[in-house]
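Look at the two complexes coming up: chain A is in both, with chain B in one and chain C in the other.
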Partner chain A sequence: MSAFRPNWQALLSLLATIYSLTALPFTATMNPAWSIAAVVILAAGALVSMLRAASSIQTTALALASFGAAALLIVGLADASGTATAGYFAALVAAWLLGWRLVTVLSGDGSRGSQSGNLISITVPALFGIWVLILWECIVRGAGVPFVLLPPPSAIGLRFAGSLPILAADFRQTVLKAVLFGYVVGSLTGFLVAILADRFRFFANGLLPIGNMVSALPMIGIAPIMVIWFGFDWQSKAAVVIVMTFFPMLVNTLAGLAATGDMERDLMRTYGASHWQVLLKLRLQAAMPFIFNALKINSTLALIGAIVAEFFGTPIVGMGFRISTEVGRMNLDMVWAEIALAAVVGSLFYGALALLERTVTFWHPSYRR
Partner chain B sequence: MPETVISAQNLDLTFETNDGPVHALKDITLDIAEGEFVSLIGPSGCGKTTLLRVIADLEQPTGGTVSINGMTPEQARLARAYGYVFQQAALLPWRTIEDNVALPLEVMGLDKATRSGRIKSNLELVNLAGFEKKFPWQLSGGMQQRASIARALAVEPDMLLMDEPFGALDEIVRDHLNEQLLKLWAKTKKTVVFVTHSIPEAVFLSTKIVVMSPRPGRIHEIIDCDLGADRPLDIRETSEFLRIAHQVREGLKAGHSYDE
Partner chain C sequence: MNEKSFIRDRLVPVGSILLVILIAWYVAAYSMNAPFQRDFDRRAGETRTTAEFLMLTMTQPKPTMPAPHQVASNLWKNTFTVKPWSKRSLVYHSWITLSATLLGFAMGTALGVVIAIGIVHVPALDRSFLPWIIASQTIPILAIAPMIIVLLSAIGVTGLLPKALISTYLSFFPVAVGMVKGLRSPDVLHLDLMRTYSADKLQTLWKLRIPASVPFFFTSMKVAIAASLIGAIVGELPTGAVAGIGSKLLAGSYYSQTVDIFAALIAGSVVAILLVTTVDIVGRFVNTRMGARSQ
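Coming up: the complex of A and B.
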C-alpha cells in the first residue's frame, strides 16, 4: 500500500502554486521572501493532505496551510491595491483549493460519520462563509475594484465597528419599532380573521378576493400613501408591514385549518365536540406547520417592507433612510454595513422561528426522531 | 330475551352525486340485541360502512328510522352511547398515547383524576400498559389500532361501532387482534357492530352475520353464528366453522357479490 493518496484539490493546488512562482513578488509592496513563504506553506499543505495520515493531522495541516497562506496574501495587499500579479491570484486559488479540501475531509469524504456531527454541521458552513469573505477581500483589493462598485469586507467591517451607535439607532427605529409592531399585528390579525372566516363562511367568501387584490398591490405604491396617512415616523412603516404580512398569514391559516382529515373530524363528531373544541384540540394543531410557514415568510417580508418604506419619507434615522442617503453620498461602505445588519437580523429572526417550529411541530414527519 | 339496543326500520339513503343519485341503502330493517356481536359483511359498495355511519349519526338517512336505546342517532351520539373505531387508528400525532385516549374525556369535560383512571384501565385492557408516553408514530400499526380501541372504550359506551378496524393490518397481526377483541368483548359485554369484508373474520368473531349485497345496498341474509363463547384460533379448522363460512359465501354469491 502506497503512503501516497492523491486528491484532485491538492493536485490542482500544487499546479497553481507552481504557476504562481512565475510572477514573483505577488504585489508591488510584498516582500519576495514573504511570497516564497506563502508558496512553501501552500506546497507543504498540499503534500501533507495527500499522505495517508489520520484525518486530524490532515485537517490541521490543511487549515494551517490554507488560512496561513490567505493571511500572508491579505497582508501583502497593504498599500498595494490593484497591483496583484497573476501569480498572486494563482496562489489565492491554491489556498482556496486547500480550503475546499479541508471541508471535504471534515465532511468525512462522503461517508456518514456519526461522531461530532453537530460540530461539523456548524464548521462547514462557517468555513464556507469565511472563504467567501477571503476571496472577496483579495479579489476586490488585489484587482483594484473601485470602492463605489464593491468595497472590500474589511472596509465594511471597519465602518460597521465604527458606526455602532448609528447602526443601533437605525436598528431600534426600523426593527424594534416598525418591523416588530407590524409583524405582530399583521400576523395576529391575519390569524384571527382566518379563524373568523373559517367559522363564518360568508366572511371568507367576501374577504379572500379583497385580500388577494391587496396582496397584489405593489409595495412601492402603497408605501407613500401610508406615509401620507400615518406620518413620517415608524407608524407608517408598521402599516406597510401590516398590509404585507396580513394576507400570507390569512391564506396559510385557512389552508392549515382545512388540512385536517375527514376521519379525524368524524372522530371529533362522534365525541359530540363543539366547533371550538374541534378547533382547539384538532384543527389548530394540524394547522401549525402552515402557520409557521406564514410566520417565516412574514419575517422576511416585514424586514423588506419596513426598509423600503423608509425610502419614501422618514425622520433622519432608520435602516432604509440610511441606505438611501448614504448611497447619495457615495458612502457605499455604510450602505453595505446596513445590508450586513439587515442580513444578520433577518437570519436570526428566521432561525429563531425555525427553532420554535421544530419544538411546536415536533410530531410532523419532517422532524420526527 | 335480551333487549334490543339498535333498531333500524326501512332505512333508505340516496347520495346525490354529479353522476346522478346513488342508492347506498335500500329498505334496511335490522334489530341488534344487547351484548350481541354483529358483523356486516359484503363487497365494496354494498353500504355496510354507510349503515354503520347512519347508526353513528355521521350520515343522515333519506328514509326510515333508526333508534338506539330508544333515542335518535343524534341523541345517542351526544350522549356518547357508542365508541367508534375507524379503518385507520386516526390518533393525533402531537399527543402521546395516553393523551390520545384522554381526548374524548377532555371533550366530555371529565376531571383529571377520572381521566387518568380511565386511561390506565383501558390501556391495560388492550395490553398497552407501559406505552403511555409514546407517540403514535413510534408504535406499530397493530398497536396504534389497539390504542384507538382503548380510546373508544374510554368513553364507557354501551356499544362499539367498528369500521373494518383491522383492514389495514397484515394477517398475523389481524389474527392476534381478533383473538384479543373476542376476549375484550367477553370481558366488557358490550354490543359490537363490526364491518368487515373478510369471511373468516366475521365467522370467528360474530354471534350474528349480516350479509349485504350491492347496488342498491341491502340486507341479503342474516346468519346466526353460535360457535359458543370460547373460540380459540383453531376453531377455524372445525367443520362447524367451515359450514358457517360456506353459508356466508353462498349468501354473498346469491346476493350477486361475485358478479363482474
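Coming up: the complex of A and C.
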C-alpha cells in the first residue's frame, strides 16, 4: 500500500503552484521572499493532503496552507492593485483548490450522519462564504477592476463601519417603521380573514382561487399608487408591505386549516368539541407549519416591498432611497453596504422565525432525528 | 360530503367575491375622489345635484382612485384602438416586459437545473453551497436590481439582457431548490434497482432522477416564472421609463396618472396569469404523458 493517495484538487493545485513560479514576484510591491513563501506553503499543503494521514491532520494542513497562502496574497496587494501577474492568479487558484479539498474532506463521502456534527454543518458553509470573499477581494484588487464597477469587500466593510449613523437611520426608517408595521398588520389580517373565511365554506371557496391568483401577480406594482395615496413617508411603504404579505398568509392559512385528516376531526367530534375548540386545539396546531411558511415568505416579501416602494419616492432617508441615489452618484461601496445591511436583517429575521418555528412545531416529522 | 360541483363550489363563490370587490372599488373611488371634487366645485362656485356629483367623481382625468370603468376604457383604448407596435400600446410594453421575462426565465431555469444536478452529485457542493442558496432567499435581491442595470450599462450592456439577468437571478432559486428536492425524490428501492442494473451516475440521472423530478420541476417553474416577471418589471424602473410595464408604472407615478398605473398593473397581471397558466397546462400535459396520476 503506497503512502500516497492522490486527489485531483491537490494535483491541480500543485500544477498551478508550479506555474505560478514562472511569474515572480506576484505583484509590483510584493516581496519576492513572500511570494516564494506562499508557493512553499501551497506545495506543502497539497503534498500533505495527498498523504495517507488521519483526516484531522489533513484538515489542519489544508486549512493552514489555503488560508495562510490567501493571507499572504491579500497582504501582497497592498498599494499594488491592478499589478497582479498571471502567477498571482495561479497561486490564488491553487489556494482555492486546497480550500475546496478542505471542504471535500470535511463533507465526508456524502453519506448523511457519518460526520454530520453541528460543527461541520456550520463550518463548511462558512468556509464557502469566506472563500467567496477572498476570491472577490483578490480578483477585484488584483486585476484592478474599476471601483465603480465592483468595490472589493474590504472597501465595503470600511464604508459600512464608517457610516453606521446613516445606516442606522435608514434601518429605522425602512425596517423598524415600514417593514415591521406592514408585516405585522398584513400577516395578522391575512390570518384573521382566513379564520373567518374558514368558518364559512362559501367564503373559503371564493377566496382561495382569488388568493392563489393574486399571489402570483406582480403586486410590487401597486407601490406608485400607494405613494400617491399615502405620501412619501413610511406609511405608503407599510401599505405596500401589507398588501404584499396579506395574500400569502391568507392562502397558506386556508391550506393549513384544511390539512387535518378525517380521523382527527372525527375524534374531536366524539369529544363533542365545538367549532372553535376544534379550531384552537386541533386545526390551528396542524396549520402551524403552513403559517410559518407564510411568515417566512412574507419576511422576504416585506423587505423587498419596502425597499422597492422607496424607489418611487421617499423622504431623504431609507434603504431603498439610499440605494437608488448612491447608484446615481456611483458610490457603489455605500450601495453594497446597504445591501449587506439588508442581507443581515433578512437573514436574522428569517433565522428568528425558523427558531420560533422549531419551538412551536416541535412535533413536526421534519425535526425528528 | 356530496359530490363537488363546479358551479356551486367554484363559480358562484368566486363570482360573488369578485362582485363584492368591484362594488367596494366603486365605493372607494367615490369616497376617495369626493374630497377633491368638492374642493374643486367650491372654488368654481358651482352647486351640483347628488347624481351629477357622483358622475363627476367617476370621470376625473387624474383621479385619486380611478373607477373600474375608467381603467377598463384606458385598457381598451391602449390595447385595441392603437397599433400594437406603437409606443402608446400596452401590447408593445407588455411584449417588452414579456421578452425580458422569458429570456431571464429560460436562463434562470437552466442555471437552476445545472446547480441542482451539481448539488445532488457533489457532496462538497451540497454541504457548502446549498445553505447559501437558502440564505440568499432571505436577502431582498430586488434591492440590487438598479445597481445591476447601472453597472451593466456602464460596461455597455443595455436593452434586454440586464433586465433578463435580474429575472434570471430571481428565478433560479426556486428551480434549484425544487429540483434538488425532485432529483432526491426517488426512494432507496429505485436507486438500488438502478445499481443492480449497474447503471452509472449519468444513466441513473437520465433514466430515474430526472423523470422523478418532473412534477417538482413544473411546480417550481410556476413560482419561478412569477418571480421572473417581477424581476423584469423592477428591472425596468431604473432605466428611466423607456419601455415596458415597469416604465409605464414609473411614468404614471411621475405624472400622477393613476389610470395609467392601474391599466399597466392589470396588463402586468394578465401577463402573469397567462405565464403561470401556460406553465401549469404544459406541466399537466407532460405529467399525464409521463404517467403521473391526475389530481
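Structure notes:
Note that the second predicted complex is superposed on the first by the 339 of 369 C-alpha atoms of A that agree within 3 Å, B and C clash if a C-alpha of one lies under 4 Å from a C-alpha of the other, contacts with A are read in each partner's own complex, and residues count from 1 in each chain.
Simple rule for what comes next: contacts are C-beta pairs under 8 Å (C-beta built on N, C-alpha and C of every residue); 3 or more make two chains touch, one makes a residue touch a chain.
Note that the coordinates shown come from a computational prediction; the quantities given were computed from them, not determined experimentally.
Touch criterion met: A:Gln285 reaches chain B, while chain C stays clear of it.
Counted by residues of chain A touched, the larger count belongs to C, out of chain B and chain C. Look at A:Pro218: by the touch rule set out above, it reaches chain C but stays clear of chain B.
In the overlay built on the shared chain, the residue A:Tyr350 is in contact with chain C alone; chain B does not reach it. By the touch criterion stated above, A:Ala238 is placed in contact with neither chain B nor chain C. Looking at the shared chain after the overlay, A:Leu332 reaches chain C, while chain B stays out of its contact range.
By the touch rule above, chain A contacts chain B in their complex via residues 261, 263-264, 266-273, 277, 281-282, 285, 361-365, 368.
Here chain A touches chain C in the complex through residues 100, 103-104, 106-110, 120-121, 124-125, 127-129, 148-150, 202-203, 205-207, 209-210, 213, 216-218, 220-225, 227-229, 299-300, 303-304, 307-308, 311-313, 319-320, 323-324, 327-328, 332, 335, 338-339, 342-343, 346-347, 349-350, going by the rule given at the top. Chain B contributes residues 56-58, 77-78, 80, 82-84, 86-88, 90, 92-94, 103-104, 106-108, 135, 137, 155 to its touches with chain A in the complex.
The touching residues of chain C, counted against chain A in their complex, run 9-10, 12-18, 32, 64-65, 123-124, 126-129, 131-132, 135, 137-144, 146-147, 150-151, 154-155, 222, 226, 229-230, 233-234, 237-238, 245, 249-250, 252-253, 256, 258, 261-262, 264-265, 268-269, 272-273, 276.
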